[in-house]
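Chain lettering (A, B, C and D) follows the sequence in which the chains are written, and residue indices restart at 1 in each chain.
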Amino acid sequence: MSEGKDRRGRELRVKIGGEAGFGIKSAGQTLARVFMDAGLNIADLTEYPSLIRGGHNNYFLRVSKDPVFSHVEEVDVLVALNRESVDLHLDELVEGAAVIFDPADVSTTGWLPSGKLRPVPVPLKEFARQAGGTIMRNTVALGAVLALVHFPLEGLAESLREQFAHKAPEVAESNIVAAALGYQYVSQNVPDFWLKPRGIKGAPKRLLIDGNEAIGLGALAAGIGFYAAYPMTPASSILHFMAKHERDHGVVIKHTEDELAAMNMVVGASFAGARAMCATSGGGFALMNEALGMAGVSESAVVVGVITRPGPATGLPTWTEQSDLRYVIHAAQGEFPRVVLAPGDQAESFELAWKAFNLADQLQTPVIILGDSYLSDNRRSIPYPDLDSITVDRGKLVTEGDVAPHPEALGGNGEYLRFKLTEDGISTRVLPGVEGALQLGNSYEHDEYGYGQLGEPAETRIAQNEKRMRKLDLARTLVPGPNYFGVAPADADISVLCWGSTVGPLREAALWLAEEGVAVAIMQVVTMWPFPALEVADFIGDAKRTMIVEGNFTGQLQGLVREQCLLDVDHSLHRYDGRQFSPERIVAGIKEVLADA
Amino acid sequence: MSEGKDRRGRELRVKIGGEAGFGIKSAGQTLARVFMDAGLNIADLTEYPSLIRGGHNNYFLRVSKDPVFSHVEEVDVLVALNRESVDLHLDELVEGAAVIFDPADVSTTGWLPSGKLRPVPVPLKEFARQAGGTIMRNTVALGAVLALVHFPLEGLAESLREQFAHKAPEVAESNIVAAALGYQYVSQNVPDFWLKPRGIKGAPKRLLIDGNEAIGLGALAAGIGFYAAYPMTPASSILHFMAKHERDHGVVIKHTEDELAAMNMVVGASFAGARAMCATSGGGFALMNEALGMAGVSESAVVVGVITRPGPATGLPTWTEQSDLRYVIHAAQGEFPRVVLAPGDQAESFELAWKAFNLADQLQTPVIILGDSYLSDNRRSIPYPDLDSITVDRGKLVTEGDVAPHPEALGGNGEYLRFKLTEDGISTRVLPGVEGALQLGNSYEHDEYGYGQLGEPAETRIAQNEKRMRKLDLARTLVPGPNYFGVAPADADISVLCWGSTVGPLREAALWLAEEGVAVAIMQVVTMWPFPALEVADFIGDAKRTMIVEGNFTGQLQGLVREQCLLDVDHSLHRYDGRQFSPERIVAGIKEVLADA
Amino acid sequence: MPKVADFETALTPTWCPGCGNHAMWRALKETLEELELPWTDFAMVWGIGCHGNGADFFRCQGFHSLHGRALPVATGIALSNPDLKVIVEMGDGDGYGIGGNHFIHSVRRNIDMTAIFHNNQIYGLTTGQASPTSDQFMKTPSTPGGVIEEPVNPVGVAVAQGATFVARGFAGDIPHLKELYKAAIQHEGFAVVDVFQPCVTWNKMNTFKWFRDRVYKLEELEGYDVTDRTMAFETSMKTFHELTCAPDECKVPIGIFYREEGAATYQDDLPQLKAPLYKLAEKPRDISKTLESYGG
Amino acid sequence: MPKVADFETALTPTWCPGCGNHAMWRALKETLEELELPWTDFAMVWGIGCHGNGADFFRCQGFHSLHGRALPVATGIALSNPDLKVIVEMGDGDGYGIGGNHFIHSVRRNIDMTAIFHNNQIYGLTTGQASPTSDQFMKTPSTPGGVIEEPVNPVGVAVAQGATFVARGFAGDIPHLKELYKAAIQHEGFAVVDVFQPCVTWNKMNTFKWFRDRVYKLEELEGYDVTDRTMAFETSMKTFHELTCAPDECKVPIGIFYREEGAATYQDDLPQLKAPLYKLAEKPRDISKTLESYGG
């Protein structure tokens, strides 16, 4: 915790802790929305076990007028809905932190006398009961938090109406009453608190979304027609998102019997011309491998979300890790081109999602969006996207009419060649239903028509294999490049490589280190495959001292760097306990490395 | 073909070509057995399409008094059962090669007048009909081949009786008659041929087996109890082999509903203490991934055969390729230790198969045997194995009785800890049924007992994850090292790395090159994972000029070398048309490289 | 409208001479010709197996998918383009073995498509292992001691799972098979057509003759009511045959076992599926209203 | 012999208060106590779902396997050690959704084991999506417009597939459930026990009360014959219920639907499975005779 000490007071960090199954997350998100709507920046983090009830849940919320890139370890205000929450989070509390609790639930032995803390007892349950039911004690607590930090209550009413929009209107209204009771009580009974965040007037419009919502929104924007999935944490919420919008946006959603079906349906949907996607986590992806290869050899445009969690096997379903990078790059027998995109935050999730559909269509091959729990489950306030910049590029595709006006799709004899050999590896797709073109998708190796038996001669195999693999060259010209943050590597004390959601805490850490005079260069690899070897080699080449920060045991990005660049980094920082790096950890890690230098 | 010119006359190379579905392979194998039983060395190669009937099949047989390591491209005697066989294989025939054919089936236009060839017309069908049925025309041809090369007929009768052992005795006897008719005819009508292989008296006992039979025999020797599989070319013959022996060796065989079931059953069988194995090809392995990870996290001792074919997806089912190396190394979500063994030939297949079971038990983690069609489908004569050297090492395992006398398996409170933290990463397995030990296998992360909920705290996760990964260090001390052939790298004009079945043609090529004064050093990586980085680095470090020969497009071994050794080789030779390298191709490839040097 | 000969490619079928697949294909081509289905209006999907090799000989729009996965691929097509009739061909290993889960779930969805099963009671393409419909005691390379499981009862399972059309044909009776194909393709809902397709190479027991001696037609059976689910179930339990049973001891019913008209199909319940879904991707979708609930 | 309390671990069950899983567990513990099964003689296998979390609370030998794969893991155990009784617990998504194929094939194998399905008609652990047994029109996060598929009919499918024991229980009637458990565990063959297990958190329709108002017992039904497969089938078709139907309009039968005694189990047909298979690996197997046919 020492690394963040001097950050106290610059922002508001709230944690709500309690037993699983009590709606802590949705309460927290409601609070988050109040602050965002007031123009402040938000990052949240929910932690929960893979249980419906029992076990400890907690919701962390960070609010600042400056941009925020991740959660942090420190907490200014703890709402402890049970005693366990105090015990588990005591270490995280800064000096003078407030602990809001209901004396009826939370025993005060052990921690109360601690001079460093500010206990704020509130009869949460009692107020909730008064408002209509003890289930609303979270809402009472939200009122209490706002009052404590002298933030206006009004926003909360609106936010509660949003939260309970799909319930009877009385529900929202009782909750508003509950919040008001908590607010009043604290305003009247608790002396001045040292943190008083202020809203920002006229702040630009933003969105408060998690990574999965961002992916779902991106897919909608891209014109998705078909989405199939089997629920799997942490990918299920994409299914929920898409299902919620099936009617208003006309998407066909299928909750399938298993992930085998989901991926195979997506290949079928793509054959029929729909923009099609499925998403899952590692275990479901395992069941999709074979059909992923089929998408590769049949040159199907498909988008596959792989939102990872710690493995192996069932692993730790509700926690986060970055240990499936190599798996998604090498999954499925045989060799075929694929694109793997790893968004670093919610804004990038949105952008890469719609771009993934264009890439899939342009390359006629699977595009994987590789996320993780940290990104998918947690919300950040992001700039309102520039909707006008979104494009739909379906690549070489004929959807309707007759094939005759498309001679580039035809062979010498005037027949349609689905897998016509071309310089860039892309043949023209003609959808079923177009006159004059009979297309055969095939999981076998095949000739230009698609016939499997004719795919067996050595020359045909070589030609089709090389044709497909040429797409990787084209892909290199189309995929998003790496992101760079902080100073240039030549000017940096340390140059750090990362990928995926780790970039958040790393950027945060870099800002903090900058304040202490340590210059950090960051390179976030975004397109993991085809790997940007030249850019990485340049970054490492320019750097004085290099490091990789990644959330796994074996160093999967590092392995790629070694393999693709024949270079290594000087240091690496790993985490594989299911938790995301905090900026504090990274700051400490970097300082340690620099101290040894 | 130029590379092998001067090899003509040193050995006998026979090819039998004809339409699929006419038993060409079994006829060829019968012939092979005649020569092996006479003390000669054998390598064969069958090529066939993924069809039951129609399409071209061919069987190639190489016979020599010297050791042989692979097929070659040249053919001395072609048995052409149809005209297509002549057309397809004309290029392979050496000067003076004989073409045995039935004028009733094979037109003689185009090739007959060629002064370079020796046409041997034989009324195959007619003789077969005389012997009892035209189906025996292959057998007539076998007699013809033996007569042509002046080899005694006697061995063939015995070999035919073996081939038809499971049929009515008349079948063998009619075939013997058919063979004799062909033999007689050629002896009487065909002038002296220039190749006359002689048997070797008193040659040591050998086996004529293909890679899959070798794996099956190794598994039997290891004491396998349970084998489950779903048929998939080219792995199916392991299932057939095991099924054939289920009764005499007491193995439980299950042809399952799919590969998901096969792998999961194997994990269950391992939990119950059986030595258990499954095998498949890439597409079936895709369906096994999730359970492979479960074997990893639940620390199950399982052996998985992955016998590859060209992909992606259904690909080219009956052809060969080495394109799943990275897939088997990275398959399944999350990180866990595994061992990947890639036998280079049939003798090694046998040895690695029984060793795989020991490694699986010692390491309590999945061991993969990675083969390919070339190895699994084709036979070689190998030395009779030293059965006394075979060991069974079940590692830390308690099978019966009471757990009390095994304090190393217990926690401080006297309770059994299935996942007890140990220095080498291995905990004592106690089988269900042993008194006093209640073991919980788990696909979730877990604590030392196996409880999933208690696997969620960061410390437990870290401890169990690191415990499992420590097994890789132990594995390094147990796994077979690389094989070296030819001269030492320092003395070599070129030092070549390879893995799996490619070593055969490479060794052959090295012998040929040695005759021309080119010194080749060969390193065959046998344990692909954990990767022998030190040995490879030494080999490359000592070499003047390096090369990798592998049967894939992307250079998967090369990628591993780059990643694991931070070194690259100077050259690489790839093949990805479904065919194995011939020694000729490799000789040409190496010469080309050296010419450029 | 394409005629029988138009459905043929330049490739000669590689099925073994005498294989039941030839007859099944002929029946389907004739059916399509008679139904006057233009090429643009239907799509075929094949699994992997001997049956699937038909993809190379059959000139049409289609997808030769994975072993066991033809139904989900077909479902993806059917749920993305309501203008296409989708016809799926599967093997018995393919459709009832590795693909068995998709079978049950496709039935309960009542997806509007036709599912044809090439039931040769054997794994043809992988050289003769037992299939899930192999008769008990059948000896094969994977069951040298004989099959010890009950065969899958596709008719009974489909009927129990709420199927709206279940029929069984025999490759030895093309005119009858064509009637089944026609009814199945015209049926609105998921139509199951299991076809006894003798494999002359590997299955030496369930031969053409074996079936010819035993099959009888449900439509000729007095009192058979195709709308009676229980009758269909009971009859399905009689279709199990033993390898050794005499022709008059074990009769094998073929024909339509069960048919329910008018049940809603899966597609009927998807109001958003009025036009092919590719039309949704002609330009970026306007999501501004959707963004509102996220603060936008 | 372990008693009910001995089957408990130090961990407190994390199932929601009032969840049907509590009752099912209690019934099973009591059954095991009454059957006097020592710990050494049985092994549990769980799939993944709320039901599977029971692995943490249940002191016994067992394996907490993968989602949908409990049956093959259990099969591997059962076919490797004939001395173990194997009891499998699955969810409805787990056992009939993703694991549906293993369900059919385990049934037709008649493997000697007990398969208990925690049928809460919902995906509990993944927060309330529709399951394959969800009633039609049920609205869930994955089916906001309502389920449009027929529910899986596990009883009917099992019966059609040749099952030798099929029962249905209700978590709200522990004594009755215990009888089913006992009969199932004692049954020689594959015993299917589907249990209505109300999920109080996500499934607000099929509640304890909902079932209490509707269940009746087959053993109390006049003329019900548990050896009549057709009757079992017909009755299974009556177990479909609609979310909105009144208690007297839709009755839900529980009890033993079908039982066939004396059928050979899969294990019976494996003469090589006389002792646990680990005994085969005490020393290297002598393969010298086998090598002979390869020239050795």
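Convention: a contact is a pair of C-beta atoms (placed from the backbone, for glycine too) under 8 Å apart; a residue touches a chain by one contact, two chains touch by 3 or more.
If you're wondering where the values come from, they're calculated on a predicted model, not measured in any experiment.
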Where centres are the averaged C-alpha coordinates, which chain has the largest centre distance to chain D?
-> B
Chain pair, B-C or A-C, that carries the greater number of C-beta contacts | A-C
CA centroid of chain A to CA centroid of chain D, Å = 37
CA centroid of chain A to CA centroid of chain C, Å | 41
Please report how many Å separate the Cα centroid of chain C from that of chain D, as a whole number.
-> 30
For chain B, which residues are shared contacts with two or more other chains?
-> 50-51, 55, 246-247, 257-258, 283, 290-291, 294, 298, 313-314, 442-444, 452-453
Spell out, as numbers or ranges, the residues of chain D touching 2 or more other chains.
-> 14, 48, 53, 64, 66, 97-98, 100-101, 104-105, 132, 270
Can you name the residues of chain A that touch chain D in the complex?
-> 20-21, 50-55, 230-233, 236, 239-240, 243-244, 246-247, 253, 255, 257-259, 283, 313-314
Flag every residue of chain A that touches chain C in the complex, lowest number first.
-> 33, 36-37, 162, 165, 205-209, 213, 217, 220-226, 228, 245-252, 254, 256-258, 260-262, 264-276, 290-291, 294, 298, 354, 357, 381, 384-385, 387, 390-392, 394, 399, 431-435, 438-444, 450-454
Which residues, counting only chain A, touch chain B once they are in their complex?
-> 49-51, 55, 281-283, 285-287, 289-291, 293-294, 296-298, 308, 310-317, 319, 321, 323-324, 326-327, 329-336, 442-445, 452-453, 455-456, 458-459, 461-462, 465-466, 469, 552-554, 559-560, 562-564, 566-568, 576-579
Touching residues on chain D, where the partner in the complex is chain B = 9, 11, 14, 39-41, 43, 45, 48, 53, 55-56, 59-66, 69, 71-81, 83-84, 101-102, 104-105, 270-273, 276-288, 290-291, 293-296
Mind listing the chain D positions that touch chain C in their complex?
-> 97-101, 104-105, 108-110, 132, 148-153, 156-157, 159-162, 229-230, 233-234, 236-237, 264, 266, 269-270
